[in-house]
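Have a look at the structure below, then the notes.
Here the chain labels run A, B, C, D and E in written order, and each chain numbers its own residues starting at 1.
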Amino acid sequence: MLLKNNIPIGYVLGKVKYDSALVAIYAIVVTVSHQLNIFNFDIPIGGVPAILGTVISLLLAFRSNQAYDRWWEARIVWGAIVNDSRSFARQVITFIGNLYDSGSTGELKERLIKRQIAWNYALTKSLRKQDPYKDIKRLLSESDFEFVKAYDNVPNALLKLQGMDINRATNEGLLNQFQQIELERTLMKLTDSMGKCERIKSTVFPETYTLYIRLAIYLFITVLPFSLFGLFGYISIPLVIAIGTLFLLIEKMAVHLQDPFENKPTDTPMSTISAKIERDLMQMWLDDRMEDQRDEAKNADRKMFYIL
Amino acid sequence: MLLKNNIPIGYVLGKVKYDSALVAIYAIVVTVSHQLNIFNFDIPIGGVPAILGTVISLLLAFRSNQAYDRWWEARIVWGAIVNDSRSFARQVITFIGNLYDSGSTGELKERLIKRQIAWNYALTKSLRKQDPYKDIKRLLSESDFEFVKAYDNVPNALLKLQGMDINRATNEGLLNQFQQIELERTLMKLTDSMGKCERIKSTVFPETYTLYIRLAIYLFITVLPFSLFGLFGYISIPLVIAIGTLFLLIEKMAVHLQDPFENKPTDTPMSTISAKIERDLMQMWLDDRMEDQRDEAKNADRKMFYIL
Amino acid sequence: MLLKNNIPIGYVLGKVKYDSALVAIYAIVVTVSHQLNIFNFDIPIGGVPAILGTVISLLLAFRSNQAYDRWWEARIVWGAIVNDSRSFARQVITFIGNLYDSGSTGELKERLIKRQIAWNYALTKSLRKQDPYKDIKRLLSESDFEFVKAYDNVPNALLKLQGMDINRATNEGLLNQFQQIELERTLMKLTDSMGKCERIKSTVFPETYTLYIRLAIYLFITVLPFSLFGLFGYISIPLVIAIGTLFLLIEKMAVHLQDPFENKPTDTPMSTISAKIERDLMQMWLDDRMEDQRDEAKNADRKMFYIL
Amino acid sequence: MLLKNNIPIGYVLGKVKYDSALVAIYAIVVTVSHQLNIFNFDIPIGGVPAILGTVISLLLAFRSNQAYDRWWEARIVWGAIVNDSRSFARQVITFIGNLYDSGSTGELKERLIKRQIAWNYALTKSLRKQDPYKDIKRLLSESDFEFVKAYDNVPNALLKLQGMDINRATNEGLLNQFQQIELERTLMKLTDSMGKCERIKSTVFPETYTLYIRLAIYLFITVLPFSLFGLFGYISIPLVIAIGTLFLLIEKMAVHLQDPFENKPTDTPMSTISAKIERDLMQMWLDDRMEDQRDEAKNADRKMFYIL
Amino acid sequence: MLLKNNIPIGYVLGKVKYDSALVAIYAIVVTVSHQLNIFNFDIPIGGVPAILGTVISLLLAFRSNQAYDRWWEARIVWGAIVNDSRSFARQVITFIGNLYDSGSTGELKERLIKRQIAWNYALTKSLRKQDPYKDIKRLLSESDFEFVKAYDNVPNALLKLQGMDINRATNEGLLNQFQQIELERTLMKLTDSMGKCERIKSTVFPETYTLYIRLAIYLFITVLPFSLFGLFGYISIPLVIAIGTLFLLIEKMAVHLQDPFENKPTDTPMSTISAKIERDLMQMWLDDRMEDQRDEAKNADRKMFYIL
């Protein structure tokens, strides 16, 4: 359900262009000074740079793993939201009412399904700290819209409305107690997914790791030209820039992946997913209304078939 | 349940043949130039190549791990689909109806089981972006087939039909409320498996990682012959080709594993699994019909045995 | 739900300042002695330091992974506590009572919700070994407060009170048996979260690993200046300090992360989370009371809508 | 429940003896040729061998991890089978019937428990592609045995028989609907465990990884003597054999672990586990029959105690 | 719940003292021979030792990870046992009986809770292969004690007794069917935890890995002094001992962690946990009895409060 989105390389390179420029200037100054014999000492590359290279590689591997896990967890959570939205709609359509009153509960079903669609948009906006009301106004009744405007946490308010409607439907006898529990459990799963998104959003990756990795990379870049100019002369300049930029890019990539709800190109495509859920659920719902009409014709035979 | 399928080595080697040829040409040009004294400088191999080797090794390990996890998760999901299909069939056969009307509910059971078989084929085709209607026509009733043709998401439509049939059977008294909930939960598990497949299918592995690893490998190959010709002369040509191709192959392998629904030889064998589910479920179902006939003979004594 | 909290760098550096000072003194003494020709031998840096560097890097990666997993598990547990608190409140509000007696069960609902809020504060304090009674007095009735004062494990006592109130409500007919089971399951989840926090709190990371890593780092630092002064002279002093401090910092970071309930800056922000839960739950509860009043006006039409 | 089984070292060494012999011959030929000055060039060991050593180490670590995970997952699945078999037996014994008819349901209970025992043996044999009928004949009634002989998938057929017996018992009133659902869920867990075993059995580890690792090891061994004879002379022969065999052994170990159902010494001890389950379940069952007799004596007082 | 237990360093060092002594003797013999010019050749440390160092580091990281995971899984299982014991006690106290007969079911509740306490002690002893009867005699009735003495698997027998008591209570009407299922599920969780402990206890870590790692370490130590005495002379002796002992210690640590039920200092503190569960459950139980008495006084008002 997530889009095949190419992360624009230019965008990512843009993020390290200042760092790369600094690396380039440093490499040029050091190498030129050395070639002009302004100073003169070498560092054997098998020594300090190799040790630092191993340390940085392992720290970057650790860092990339954790960042990737956060990013992948975010996608798993939104995958679960898609599944639970579909299951919720299927349960609403098949549980509520029965063969004999299939028409009369339509308004309740529509309200529940549209509110679920609104929940996805509201969660998207609230995670991105954008105005949560724009997308959902067209999906909610006026009284519902007034209700959720009083809340800080709009998705939570929508879930409460769902719970109250389900409870009323149970009290009215439109759902039996088992079905109420099943729908309630689907709501609990949505509550859990919402909480997981909030946890990922608001838990920063330990800042100090970022700091240590950067310190190690800068130390490495500082030492690197001294190991190379003796061997390569001016060719060491592009080598330093290439290796330094490579390390900086990998580190930057991890920083991007670790915050999957920040409205960046590597972001979880929540708006696209929400739109897809809307299409799926509206199709299920419209189709159910037509099915009702067809059903009225067919009911007689089918019922006969089962009971006889 | 997945086939013991040898991944054709030729197929994989074919994928890197252009890269390998380029590496070969580069290695030959550089080495011959050097041997002919066209230019003259060495890179100690303990230096830049060793650092790049460590970085590439760790990136490839990270990459292989994530790709393997996606591939393995895809197999786990299809393993769960096999289990849930079997459990669904067993529940349909044992839950619906009772000893006294064992014959009359046969058509409903057959419809549910065949629709479950069709679901597997439809999911396979829809993940591979192939025509989803070819395999399922023979398994569905005409009205069902018309119904699902109106949907973009065929497997989802089939699950909705299952849910509606189960609800009708409950309203008719052929299932009690507990049994409805159990069957509904099995449908939820299938919804979840479907969603997981879609998530893996549509979430691209971060493109930039692929880019960085390739950049690092190309940088490594660029530098490598300069480290080797001083030591080996012309023997360095096959060494560069061997080591370069090895890195490229491992990288390619990860790219293959990471997309387990793309109709490649390393793919999840979904058609084979679907056919196996069809065999298993049809055997359970046909057998159940014969069992019914035997049962009619045996019922009297068994019942006596239990109740007395 | 967790705060975007910058870990103060000064705080962390403060923790290694004595170690760093020792490293500095050692590096100065050894390097100066060497430069004054008091003794004279070199260690090639590609040898012992490189091997030790690899060993330390892998041990630190292992260590950081495990520490990070503990820290992340602690956040996951508190994320689950947020989710379960919200679900519990929603269930209490929608399950207890029905449309016709919506006013009369208010006191019971308030008691259950406030006790859930108190549970979060009590768990926070008890994990931090602080006075658990201060924050919860205002949230509990006098008899409840007396009751929990008799217990060593205050959160456990609060859960027992919840269980007893829910059982009484079931006996009184305010909850049906399904609803009791659902609420009981939410209590079980809270029991599990509490137990997980206690497990992380009281299970020390194997001390010997810490010891081995420190031994390896000290051995590395002991050997390092002998590998560097031959190459760099006095410049080796800042290099030894930088590399030594880097290793010590990464090790210290892991030690900090591995104890997420110790009242340190890298701690899980449990007080903030508890306060956030209080805001959310009180909003849901107050809103429910107003809703009741609005409901009384609306009930007639809605009921008509459903039943007709 | 799994046996403390020492993997015979001789067995494993036997598997690499041809490879080791080839390595030995190669090392001897190369070293002797060199010592006799037939050819003359050295490879510095810090170069190509070190890079290949790092690559191989990381690939072997990746490989060992995945193989170990498969092996450990297989043991976890069989651990779950033990747990679910015990729970199934306990549920059968305590659910079916009640205090007043404790004797009369004995035959049904015995059939269910013995069939569960047979299921374990049948699954063992079917995973090892051995004759599945030998062990189970003594445990099944004649009609059951005829029934399962018609099936390709014997364990699946046994589960279907269990489901049908449980459904009949429910229809006869020997189980209530909740208890049927609980037993059905235990059957679903057993279905899941069976499917997991089949998934591990039939999913080959990607062949190409094995190929790449072997290629890298052979390349490493090819290069190694050239790096060593300059330093060690004839002593390099045992060194090459030792290091080469070590890499080959670790690779072989991973290959063994990754197929835990192949009837090798490192296999999951399924027969032993099945025999242990038989002992446990028969003890529970025999004991239950004696308990019944004791119970008849005691019933009066106990009942009085509860009810009064 | 697990104790802050310092693993005695002396204890661990004691385990490697013979190995370390051998390393010391070997290092002294080789170095002295070399210094006396008995033989004369060097191994450059960047070569064989560096490659072996990388291999050993990665194998040790793999090994430590798997061992740590076993150890941590054991603690997680015992954490779950604590949670489930508490939940079981809370369910027994709140489910059984109701407000009007709160006194008369006391003996049943006491029997169930004390048996749960006994189960923890019995599991501890049985995992440690110690006499399982000593601790539990005081907690069981005489007839229960006779019953379990006939069983090989004492904890399993206790769970069967719990299941039978719960079934009897249901038949007597003291529990409804939902409550029976909930208690049965808690028993299933305890069965699972027991099975997980047995699985960890009886599944040996693949012996061959231990063998390969030791072989690699011994090969490394054999080669190491030849790389060092040329550079350090007699100072190479403590270096060889320090590095060799470090590797042996890390390997030993993993061996210790991987068997968490073997009655060693790094063991899971099961006795302490069992005693803690006893304290918690007895407090809940005693408190419940006093509560009963208080309740009798209060009941009138509370009931009025709810119903009015």
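Going forward, contacts are C-beta pairs under 8 Å (C-beta built on N, C-alpha and C of every residue); 3 or more make two chains touch, one makes a residue touch a chain.
From a predicted model like this one, the values you see are computed outputs, not experimental measurements.
Visitor: Suppose you hop from chain A to any chain it touches, then on again the same way; how many hops at least until you reach chain D?
Guide: 2
Visitor: Based only on mean CA positions, could you tell me how far chain D sits from chain E in angstrom?
Guide: 23
Visitor: With chain centres defined as C-alpha means, what is the inter-centre distance between chain B and chain E in Å?
Guide: From the centre of chain B to the centre of chain E is 37 Å.
Visitor: Residues of chain C touching 2+ other chains?
Guide: 44, 46, 50, 54, 57-58, 61, 65, 178
Visitor: Counting contacts the way the document defines them, list the chains around the ring, chain D then chain E and the rest.
Guide: Order around the closed ring, chain D first, chain E second: D, E, C, A, B.
Visitor: With touch defined as at the start, can you tell me which chain B residues reach chain D in the complex?
Guide: Touching chain D: residues 1-7, 9, 12, 44-46, 49-50, 53-54, 57-58, 60-61, 64-65, 68, 71, 75-76, 79-80, 82-83, 86-87, 90-91, 93-95, 98-99, 176, 178-179, 182, 227-228, 231-232, 239, 242-243, 246-247, 249-250, 253, 257, 266, 279-280, 283-284, 287, 291, 302-303, 305-308 of chain B.
Visitor: Residues of chain D touching chain B in their complex?
Guide: Counting only chain D, the residues touching chain B are 41-44, 46-48, 50-52, 54-55, 58-59, 61-62, 65-66, 104-105, 107-108, 150-153, 156, 159-160, 163-164, 166-169, 171-172, 174, 177-178, 180-181, 184, 187-188, 191-192, 194-196, 198-199, 202-204, 206-209, 211-212, 215-216, 219, 223.
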